Every structure is written in structure tokens, then in C-alpha cells.
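Just below sit the structures, each encoded as C-alpha cells.
You will see two complexes here that share subunit A, one where it goes with subunit B and one where it goes with subunit C.
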Partner chain A sequence: MLRDERLSQYALLIVALALVAAYLFPVYWMYVTALKTGNEITAWPPTFWPANPDFAAAEVWQRMQMATYLKNSAIIAVGVTVIVVVLGTGCGYALARVRSRWMDVVLFSILMMQVLPSSLMITPIFVAFSQVGLLDYPRSAVILAQAAKVLPFYVVLTRATFVQVPKELEEAALVDGNTRIGAFLSINVPLARNGILVAALLIFLQSLGEYVYSRSLIQNRALQPATVGLQSFMGPNTSDWQGVMTYAAIYVTPIILFFVLLQRQIVSGLTSGALK
Partner chain B sequence: MPATSSSFRDGRGFDRMLVWITLTFLIVFSAFPLAYNILMSFQSVDLFTLASFDRPFVGLDNYKEVLTNSATDIIVKNTIVFVLLSVAAQLVIGFGLALFFQQRFPGATWLRGLFLAGWILPGLVVGAVWSWILAGDFGVLNWVLQTLGLTDDKIFWLSDPTNSLYSVIIANVWIGVPFNMILLSVGLSAIPDDVYEAAELDGAGRVWRFLTITLPLMRAQLGAVISLGIIFTLQQFDLFAALTQGGPSNGSNVMQYWSWELSFQDYRIGQGSAVSVLMIIVVIGVAAIYVRSTRHEHAA
Partner chain C sequence: MTAQIEIENIDKHYGAYHALKNVDVRIPQGQFVALVGPSGCGKSTLLRTIAGLETITSGKIRIAGKDVSAAPPRARDLAMVFQSYALYPHKTVAGNMMYALRLKGMTRKQARARAEEIAQITGLDGLMDRYPRELSGGQRQRVAMGRAIVREPQAFLFDEPLSNLDAALRVHMRAEIRKLHDRIGATSVYVTHDQIEAMTMADHVVVMRAGVIEQQGAPLDLYDHPVNRFVAGFIGSPAMNFIPGQIAADGRHVVLDLPGAPRLTFDGRRPADEPVTVGLRPEHLVPGAGDNMLTLPVAVVERTGSSSYVLSDTTPPVMIAASDRLQGVERGDIQVTIKPSLVHLFSQTDDLALSAR
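Presenting the complex of A and B:
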């Protein structure tokens, strides 16, 4: 009886591994293609393991100017994350603590602003930014637009975290003579640290892959992020798949590592934000 | 003045200030563009009037031109097909996987979490990888289909207008499956085991238990996943940019991509605004229904 159960558990495990492998095949295919030279890429039937692995990372890094593109992506992602954390953390806290009609209205409007698609907001943002001269600072323009896009999501995530911080600790600190802001910074923020970090990380990763705003607001190649760069190397008749996949692999490997390390926190953060 | 400053330090003023910091930023960079968008959709906006604050009003002309455009029919139809098929496929596959990973075996939770890797990657990278998988001549998907005997000839996924929309749908489903699966898993774990055990004692089979217990108890979760699926699907832009650019001949064009195309490639910015306004109404409508329904769940 017990042996049967163990056996069926291993059978399930094998099926599960097969499902994960099938789902993640595109990621595998990206890495394998990055290691293939031109002849092998057009081989038919395709090879599932490179016959002569060819590391093109250094050459692609140089030729496709990846240092510049990745630097711009990092600047945009850091800028967005800083703005969002500084402006949004307090709001998440206030929405978790105060229950009133007017807070309900605020939360509702924030949720509505969370769903506005970038591809639809870019038209008015482009015109307004160009009229006030913000397009002269294109990366800052992207940072501001993207921060407005993801700030609601961050507020919703941190609100779910602050709901779980017990009120009593803060009240005790207030009785001891702390100011509200003192209690917020020394009690609530440290206790909600993990949730804030996960939310900030999700915002950072999302902004690292931002495309619509960067494509539309940044004309100067030297200021464009990695997504726009990747797109420019993928014409309709691309044949340099090794180059494109190597570029993609260099770009997303840090993201994948981050994800594998923090998988559990990311999963729990996400589910709490989407359902509460 | 002293009264307000002490209110910041000790009273309700502090909460209000925190909320207003966020709201001010959102009003300037989200609500204002939203209003400006509506205004521009009634104006003639092109490269010449772009910088002007005094643009001619044209009434409903932008909307009329957009709705009578020869491409409108196919783009509206594509948008509907794109949303329906993507959401349905994500839901079915995501639900199936959620049910599978609900069973007890070593590493179930961790392996389930790995699926989210697909969700966390930049959309443009996902698009690049799929455009190589779907490539007509040397794409691996055609090899798989041929080997399985599902097709004799190579399918030109991206360059054939009858297929191009489906290639974007395939990639979009790939992105959406993990999110559906994780949210539905949360709902499944909340169903107590003894409900199933009681039904099993009553002689209910697997399928019957799924239909009479799982589905009804998952109603709220399914509603959430479907609404969020529609919202995310209407936000999808990167895949179109990476895979088909809406082509060939609008074969895979959808409203949210068309709006961008009108503004940034044809420079008919007023018309881009009109399409954008129409779609924002749809998105906000879906979101409002979703938020209101979750409210009722909490109140009950």
C-alpha cells in the first residue's frame, strides 16, 4: 500500500518535470540557438544540442553595443523603482490603515489607473511631453511615464503587506511619544520590509523590460534601452539568429537568476496583490 | 498653520498627506494624459499642430474616420479573436496545470513556481524567441508538427496573413498561462479536503466532483482570472512589435497596436487618440466590473 503511494508520487513527479520542460522549452531554445553557428542554425532537422558550441557573447556584446543598451535599461529601471518606492510606500500604508468612503474612492481610482495600457497612454503622453519640452530629456520622460504606469501596482502590493502588520505595535510607539512619521519609519516599514522588497523587485524587473514608452519617446540610439535595441536587430528578414539569441540570453540571464533565487517570495507577493 | 503641521505629526493629516503624494503624481502623469487624450480625439492633431496649444476642433471627425476606415473591420475582429482565444486557452491550460500541481508529490510547489519564469521575462524577448521558434523555413515548431505528422508542408506562421494572428496568440498564451495557474492554485488550496472526502464517500466520481464542487467553489477565482486575462491581453503590445508588426496587411493588427501605429507611424495623432479613447473605455469597463465584484465578495 505504502509502496504504491510512493510509486505514484514518483510517476507524478516525472509528469511534472516533463510539463515544466515542455513549458520552458522556449527559454532552452534561446540558449541553445545562442551557441549555434550559422550552418547549424539552418540545419534541417534542427539539432537540439549544438554540435560545435560557439560562444559569441563577447563578439555580440561589442557589435550590438550591449553595454550602452543595458546601461540605459538599468538607468530607467532604477529611476522608476526609486520614484515608485519613495512616492508609493506611504500610500500603501495609509490605504491599509484607514478605512473610509474616501479611501475606498482613492483605492478604486488607483486600481483603474493600474489597468491603463501603455500603448494607449503613449499618444497623449508623447504630445504633452513634447509640448512642455520633456522630450529633450528622453530617459527621464520614460522614467516618469513608466513610474505612473507601475505606481498603482506597487501601492496595491504594499497595501496587502501593511494590512498584515499588527496595529498594536504602532499604537504602543505613539503612546511612547513617537510622531506618526517616526512610528511609520521605525515600526511599519521595517516590519513590512520583505513585502516592500518583493514589490520593488517586481517593479524593477518590469521596468527593465519596458518597451512602448522607450520606443516612442527616445529617438537617440545612444539613450535607448535593451528592448528597443533588440527590436532594431530583428528586421523582417533576420538571419542572424545566433546574434539575436545571444543578445537575448545576455539580457535575461540576470533576470532568470533573480527569479530562481527569489521564486517563493515573488509568487506569494504576486498572489497577495492580485486577489486582495 | 500650527494646527495643520501638528495634524501631520500626530493625526489624520499624516495619512492624507501620504495618499496625496501618490495621487498628485498619478494625476499629473496618468489622469491628465487621460483627459488630454479625450480632448485630442476631438481635434486635428498632426506633426504641424503638434506643438500648438490652439488646435482646430473637428468634432467627431476622428472617430468617423477611424470607424469607417477600410481596415477597421478586420482590426476589430482580430482584437476580439485575440482576446477570446488567448483568455480561453490560458484559462484551460492554466486550470489544468493548477489541478495537476495540486496533487501531492515531492517538489510540487517549487516546480509550479518555475512556470512564472515565462511571465517575468520582458515581452520583447519572449517575442524574439517565439519569432525564431515560429520561423517558416527553419523554425523548430514546424519540425515538431511535421514529425508528429500534423502537417505536411511548412506553415508560414508569421508571414501568412491567415496565420499571423495565431502566432501572436500562441506567444501570448505562453506568457499568460503561469499567471492563470498560480492564481487558480491559490483558489484550489482554499477548498477544504473534507468537502471532497464527503463527496467521495457518497460515491461521486472525479469528473462529478470537479463539476459539482471545484467549479462552483472557484467561481470568484475564475471571474478574477478571466477579467485580469482580458485586461492583460488588451495591454499586450510588445509581442506584436516583435512578431508581426500587425501585418501582413493588418492580418494580425489589433486596436491597441493600431492606435500606436496611427500616432507614431502615420502621424495621424488625432485618430490614434480616438482609437485609444475607445479602447480605454473597454479596459476601464472590464476593470470596474472586476473590482466591484471582488468588493462584494469581501463584503459578504
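Presenting the complex of A and C:
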């Protein structure tokens, strides 16, 4: 009986590992291809480990102007994160404090806003932005569009954190002589800090990988982010797979490292709202 | 004595719900006032309107002579101790105590010195750099008190501050809060559902029910002269016995609706044949034979050592509380006497006390 249990546990573990492997295979393939040279990439049967590992990071960085692309990505991601945190934190707090039977409806409609795919939204956004002349500042246009898209997600996440901050703490601060804004900034925000940080981090990473808006709104190559840049190297006649994969590896590795290092905080921030 | 907090005919509505109905209380400088009543009676709401955390629909609130009816909490200069203590979890004990002082514009150094001073009084010295989560329940309670005292406010507001403590600590803190009050002499408003807390701590007790003040006055005055059946039953432990009865033809006796229809003399005179509710406090029913005697069949005897409780085998049951051990009383009958002046009579129609005097 005990043996059966143990066997089934092992079986489940194997299934889980297999699923993880299948899921991570593209990442693995990206790194391996980045290390391969010329013929080995297209060789059949494929090799699972390069014969002569060669990581041409410096060369690819130079040739593909990665500095410019990554700088643009960073500008867009930082811009979006700042706008979303400044606007969304207060919103999440307000929604956490309002008690109403309609709150579920409100939250649902907020979430609905971000369900609409970017590729669907881009046409009206493009028309509207070109009418008000925003297309002359394409990176700002992308920041605005992307901020609008991810704001609901941030608001819903931070609301969950603020709900867990007891109302009495804020009332104690009011009685202690603070204003509502002061109480919010000195009591609620520090206590919701972890939740806010995690939500902001997710927004930042999501915006770092933004593609649809940037692709449509930014024509000038010097202003395009890394996602669009990467795509421009790919086409029906692409042969420089090593270059593309090296580019992708340089782009993605910091993000993956970030997640791995902070995964415990991120998970606890998402589940517990960071306050006990 | 000047009134420190004046509450004039305030009303509070939550939508259709009428939470406070024409509440009127005057609290003199330096008094300890308890707001007491069953849960949902509006006592916490009243406290929160004083603090400014709830708005009032109509009426006036004055603190130290200043009309603050519409003022935000920060303009009222009150300190509040919450039921959950509401300590700022991300601040140390010192940080919690200094928060209000810093908002008043004190420098960090001044605020710290002042906090250390209060920590001496409240027994928190040595804990100043701990966080609330590192403290025991009793210590947290002290921090909440210290955070209030350090402010030197116009008045203290307490919202059931002892209800999270265990029984022994509660009795201890009860005395400590009262001692602290006597020492500082600041006006205090204390909300509790526990009438013993109210009776033992307060100079002035306000009994509330369903948003209405039923009676207010000195604790023993409420005990001796309850104005209605609710206050009579709420104040005093164990609770007063209520027995239906009828005034006798002579207007000087009341005939209880119990087996054997015993008669009791009461002070004063009522119209003959008037139906009444007779209120008898368990501790006023003295075992033994004598004048104004009641004979009751015994159902249960409980002895705690210091006192004994007898429950009679009647409908409604009558509780007798005696301070001796009642040796020999097991079953059968028990005889008790009561002084005419301790018999309370209430109207059966509106539950108001019938002024027998």
C-alpha cells in the first residue's frame, strides 16, 4: 500500500518533469542554437549539444545595434511602469476601500478591458493617435497605449493587496493627525509594498516584451524596441540563425535571471498580498 | 466643571438605517465615561462620530468648546485606542508612538525623548525598538495606550480595548487603565459591551440600545434606579429576575405570579389590580425567614466558594445569589426575604420603571 503510494508519486513526478521539459524546450533550443555555428544549425539529425560552442555575443551586439534597441525597450518599459504605478496604485486602493455589491461587476469590467487583444485595439488607437498628432512621438505613443492596456491588471493586483491592509490602521493615522493622502502614503503604501513591487515588476517585464504596438506605431528604426528589432532580422530568407538566437539570448537572459532570483517574493506577493 | 465633549442631539443614518437617534451626552473635563450596550446598539458608532471617522446626519459635536461637527479627525486632537490596537506593523514601538508627534511638527529628537518618557510610565522601556509582531498581546495593548498618552490629547477614546485579552490580563489592565486615568486626569470615553467594565471603571455610564440612550448616570445610580426593564436587566450580574405580578387591592402589596402567589411589600403605593413586572436582584434575595418573605422550590444549587447561586424550580426561574455557602440547601424549599425598598416595579405595557417613591 505504502509502495503503491510511492510509485504513483514517482509517476506523477516523471509526468511533471516531462511537461516542464516540453515547456522549456524552446528556451533550451534558443540557447543551444546561439552556441552553434553555420552548418550545425541546419544539420540533420540535429545535435543537442554544439560540437564547437561559440557564443558571439559581442559581435552580434555590435552588428545588430542591440544597444539602441535595448535602450528603447527600457525607455518604453520604464515609462509604462511609472505611469501605471502612479495612476494605478491610488485606483487599486480606492477600489479596495469602496464596499458595494457592485464591486464584482466593476472588477469584471476592469478586467474585460485588458482581455481585448492588442492586435484588435491597435487600429482604433492608430487612427486616434494620428489625429491628435501623437504619432510624431512614437515611443510616447507606445508607452500610453501599453500603459492603458496593462493598467487594469495592475489595479486588480494591487487592489487585492490593499484589501488586506486593515482599515483601522488608516483610521488610527487619521486620528493621529494625518490627512487621507498622508495616511495613504505613510501607512497603506508601505504595508502594500510587496504587492505593489511585484505588480510593478510584472508590468515592467510585460512591457519589455511588448511587440504589437511598437511594431505598428514606431516606423523609425532608431526608436524601435528590441522585440521589433529582433523580428526585423527574421524573414523567409533568414540564414543567420545563430545571430538571431544570440540576440534573443542576450535579451531574455536578464529577465529569466530576474525571475529565478525573485521567484519566491513574486509568488508570495501574488498569493498572500504580502501582508500577514 | 466645564464640558470637554458635548454631543448635542446627534442623528446618524446609514441609508435607511437609523444608527444613532437623537443622542445627547455631556462629558465634563477629566471624567471617565463608559458607553455600554449590547452589540449593534450604536456605542462604537457614537465613539467613531466623536473621533470624526463617521459623519453625523444632524446635531452638533463640540470638543473643548469648539464646534467640530464637520471637522476631519486630525482637527479634533483626540487619541483613540482601537479594539485591534491598530499598531502600525511597519513601525517600531518608538515609531508608533512618535508618529503623531512627528505630524505635529516635533523634531525626531524631541519626539523620541517624549516617547521614552511615556514608555517609562507604560512599562515599555526596553521594547522601543521592537516591532508590534514581536510583542505579546498585553505588550501590544500597552503600546496602543502609550501611543495615545504620548499625544496629550483633548480626550481619549477607547473602543473595547480589552476584549482581545484573556480574562486575568483583562482584570489587570482594567485597573491599570483606571489608575492611568486618575494620574493623567484626561477626559476618556470608553466603549464596552461588558457592564462590569463599565461599572468598575467609569464615573459616568451611558447605556445604549438600538441607537438610543436608555439611561445615563453614575454607575451605582443606574444599579439602584434603573429607568426601565432593559437597563435593570443589563446592569448587574447575575442579571435581575423579572417576575410578572399584580398590585393587590390595598395598593401597597404586589402578588407575584408564582406557585403559592406570594405577596411582597414595596415602598410607595400603586393603583389596585395594576399588572406589573417585578424586578428582584439575585443578591437582594437574602436566604432566611423574616418579613416580606418568599418561599421557592430549589432546582439547582451552584457553589463557587465565595458565593452560591440557587435557581428556583418555577416559571420563570428565580436566581438567588448569596455570599455564604448555604450549607444544607439542596432541594426542597428555600426561604428568602427582601427589603421593600429593593423591589423594582416595571410597567407591563412599556417596560418603564413605575416610580414607587
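Just so we're on the same page, the second predicted complex is superposed on the first by the 236 of 276 C-alpha atoms of A that agree within 3 Å, B and C clash if a C-alpha of one lies under 4 Å from a C-alpha of the other, contacts with A are read in each partner's own complex, and residues count from 1 in each chain.
Definition applied: contacts are C-beta pairs under 8 Å (C-beta built on N, C-alpha and C of every residue); 3 or more make two chains touch, one makes a residue touch a chain.
Because the structure is a prediction, the values reported are computed rather than measured.
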- Item | Three-chain arrangement built on subunit A, subunit B and subunit C clash or fit | fit
- In the superposed arrangement, does A:Met66 touch subunit B (first), subunit C (second), both or neither? neither
- Which partner, subunit B or subunit C, touches more subunit A residues: B
- Is A:Pro152 in contact with subunit B, with subunit C, with both, or with neither (first, second, both, neither)? first
- Does the superposition put A:Val142 against subunit B (first), subunit C (second), both, or neither? neither
- Task: Pick one for A:Pro166: touches subunit B only (first), subunit C only (second), both, or neither.
- Result: second
- Which superposed partner A:Ala192 touches (first subunit B, second subunit C, both, neither): neither
- Touch check for A:Val175: first (subunit B), second (subunit C), both, or neither? second
- Message: For A:Val80 in the superposed arrangement: first (subunit B), second (subunit C), both or neither?
- Response: neither
- Query: When the two complexes are placed on top of each other via chain A, what is the minimal CA separation of subunit B and subunit C in Å?
  - Reply: 5
- Enumerate the residues of subunit A that count as touching subunit B in its complex and touching subunit C in the other. 174, 179, 275
- Item | Of all residues in subunit A, those that touch subunit C in their complex | 166, 168-169, 171-179, 182, 186-187, 190-191, 275
- Query: Within the complex, which stretch of subunit B touches subunit A?
  - Reply: 8-12, 14-19, 21-23, 25-26, 28-34, 36-37, 40, 45, 50-51, 53, 97, 100-101, 103-108, 110-111, 113-118, 120-126, 128-133, 135, 137-138, 140, 143, 147, 174, 177, 179, 182-183, 186, 221, 224, 228, 231, 234-235, 237-238, 241-242, 256-257, 259-260, 263-264, 269, 272-273, 276, 279-280, 283-284, 286-288, 291, 294
- Item | Residue ranges of subunit A touching subunit B (in the complex, touch as defined) | 9-10, 12-13, 15-17, 19-20, 23-24, 26-27, 29-30, 33, 41-46, 83, 87-88, 90-91, 93-95, 97-98, 103, 106, 108-128, 130-131, 144-145, 147-149, 151-152, 155, 174, 179-181, 184, 205, 208-209, 211-212, 215-216, 227, 230-231, 234, 241, 244-245, 248, 251-252, 255-256, 259-260, 263-264, 266-267, 270-271, 274-275
- Query: Which part of subunit C faces subunit A closely enough to touch in the complex?
  - Reply: 51-53, 72-74, 76-80, 82-84, 86, 88-90, 99-100, 103-104, 147, 151, 157
